[in-house]
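In what comes next, chain A is part of two complexes: it sits with chain B in the first one and with chain C in the second one.
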Partner chain A sequence: MKAKKSQAISVDLVIAIVIFAIIFTVALSLLFSFQKKGIDNSHELEMEYVFANLEHNLEAEQKISVTNRDFIKDYRIEKAKLNKFFSDLGTSSIDQYVIGNLPQTHGIGLEPESYDACLFFMGNDGLRLTVSGLEAAGYLKSGTCHDKIIVSNPCDDYKQSISLLKPVLLIEGSTDTNRILQMNLVICKK
Partner chain B sequence: MQEIEHSKKGYMYILDVLIAVTILLVGIAVLFYQYQLPNKTVYFTDQLSEDIVGVLASTKITEYCANPGNPDKTVCSCPNYLNLSQIVCSSLLVDTNANLLSMASEIIETSSTDKKIVQDLIYDIFVKKKVIDEKRFGFAILYTDSSSGIPLELYNTETYIP
Partner chain C sequence: MRKCQLFFEFIVIFAVMLLIFLVFLAFFPASLEKLESTEKLAQRLANEIKVKLITASLADADYEGTVPIPSRLNAVDIKLVIFKSPENAININDTDTGKILARAFTPKIDTATIIDPYGATLEIKKNYAANSVSVTLK
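What follows is the complex of A and B.
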């Protein structure tokens, strides 16, 4: 009688463990699939146009009013104009500036309600280039890109971080200082 | 008496189930917050190869080098790129007003100098000067020979030995 009871308990235990393992596995897979879905849902469609849109909008702005902020053209960055862009708009939202103030343009391809962006340059020493006293231009929900980027990943408080880079020629005016470096746009998805 | 005993047992089982379900839910919640995937950065590099060729095509030799074409090294110099000086500060290059991509083409087409020097230059500009992190983004540049039409590997981060 006792052996029968213990056999029944053993079967019960095995069934319980199997059910527990199944539920546990299903719960874990659901958990990770939800997290993965969050990453895959990025709006990559527009990403390839981000740099080109920025360039076109700066060019358009220059045609409307001479601000001398059109720092990029055909992979060439003019340092004087870049300084002007950073000093005028370094602590503003890049996307809002482009969308809000320019007629006949369509921003850098991102909705300002859904994304924030930081623009910065990496020098040949692997460090961020300081332009007009700022290491990055742009505005995030927690403050300026400059303040955030010097301490951590600017997209820490966001759902996702998308990084775009482009080699560009920085023209400072002499053969000693002209050099190819990395232009970066970090896009933080809200 | 037996009925009371049974209902007591039933309560005990329900309580047991409730405790088990609570522990399970707490466990899943802890797992969810503990093992949330970190905010991963997605690198969007679809245009990278096009950009590498684009920047070479947009950069003129004269933007890097003073007095190109003059074999006198005290007169001609490319201060930021020593490998470029070897190509430019010689009488081998015909078009000294060209961009870097055209210059590379001229060297290959005329076979005026060792092709390794072009590889060294690309390595110097993009990898050594930290424009492209080769550990993260490998890249290759192919050149199609105008006469044979066969693609020639100009540079490949996978196979290049500095």
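What follows is the complex of A and C.
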């Protein structure tokens, strides 16, 4: 009789523990899922430095070999050098210049493998500037930035997109023709 | 009779365990919040170091910056670990548990010297002529 009673308690205990464990797991997983959402929305401070990184990388490249692609210096854009940059790299990846670093530079702590970048310029009329026949420089997962940007958002098939802009002065030779442009970088997170 | 007793025992055991769970849940968010705020403080410190390293990386002249490293964050003893190139990262660990409180990937660090792992000052230098970034914890 005693044995039967103790068995009944043990069954009770098992059932109670199982139900308790289920509730406990659900409650904890809910708590942790709320935490994760907060982490995903965190601000990436490195993005503030991508324009400076691009300028620094181009400057360093120019010192190593004279490529004449260092088109930006202190908010000033040299048209001839910009043409050279777009004609040389317009349809290939520019991630190493924007996100990463060249062999003689130190970068900003971002891995270019995790991002793709597109560079383009916009005038006061809101239209993209065509440079060496291209509206944007860079290469994405599904093709060139130029091909993608003229039809849709370049970061459509990416996890996250970040758009950054900087006002610059395009030097075209004389004060009559120099004009202010908006330099845009679209960074797509893989 | 036995069925009734079984049901009653189940209710009693479940109620006791639920009570324990509720008491645990009442205190758990507080401990979670404390851990989260320690991690936030650690991440803020890691970001401060990272910003100094980015400034050094992009500097067009010799650069020197220091970051004071507290020995404790929110009553948690911390230890700073620096990984130079090719890893290029900094970790802030809980000294007691070894748990990583914060991690930041940094610009390329050419040399990292740790004089005292629990040191109070982090020195970040760029030698423009040699084009090198060094980090010293002392």
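A few points about this structure:
Please note the rule applied: the second predicted complex is superposed on the first by the 136 of 190 C-alpha atoms of A that agree within 3 Å, B and C clash if a C-alpha of one lies under 4 Å from a C-alpha of the other, contacts with A are read in each partner's own complex, and residues count from 1 in each chain.
In the analysis below, a contact is a pair of C-beta atoms (placed from the backbone, for glycine too) under 8 Å apart; a residue touches a chain by one contact, two chains touch by 3 or more.
Source: prediction; values computed, not measured.
By the touch criterion stated above, A:65 is placed in contact with neither chain B nor chain C. In the superposition on chain A, contact is made by A:53 with chain C only, not with chain B. Comparing chain B with chain C, the partner in contact with more residues of chain A is B. Contacts of A:27 after superposition on the shared chain: both chain B and chain C are touched. Of the two partner chains, chain B is the only one that A:181 touches; chain C does not reach it. By the touch criterion defined above, A:152 lies against neither chain B nor chain C after alignment on the C-alpha atoms of chain A. Of the two partner chains, chain B is the only one touched by A:163; chain C is not.
Of the two partner chains, chain C is the only one that A:17 touches; chain B does not reach it. Overlaid on A, the two complexes show chain B and chain C touching the same residues of chain A, namely 23, 27, 31, 35. Residues 8-9, 11-13, 15-17, 19-20, 23-24, 27, 31, 35, 45-46, 49, 52-53, 56, 59, 101, 104-111 of chain A are the ones touching chain C in the complex.
Only residues 23, 27-28, 31-32, 35-36, 39, 42, 44, 47-48, 51, 74-76, 122-126, 153, 155-156, 158-169, 171, 175-176, 178-182, 186 of chain A touch chain B when the two sit together in their complex.
Those residues of chain C that touch chain A in the shared complex are 2, 5-6, 9-10, 13-14, 17-18, 21, 25, 28-29, 32, 36, 47, 50-51, 53-54, 56-58, 60, 88, 104-108, 131, 133. Within the complex formed with chain A, the residues of chain B that make contact are 24, 28, 31-32, 35-37, 39-48, 51-52, 54-55, 58-59, 62-66, 77-80, 125-126, 129-132.
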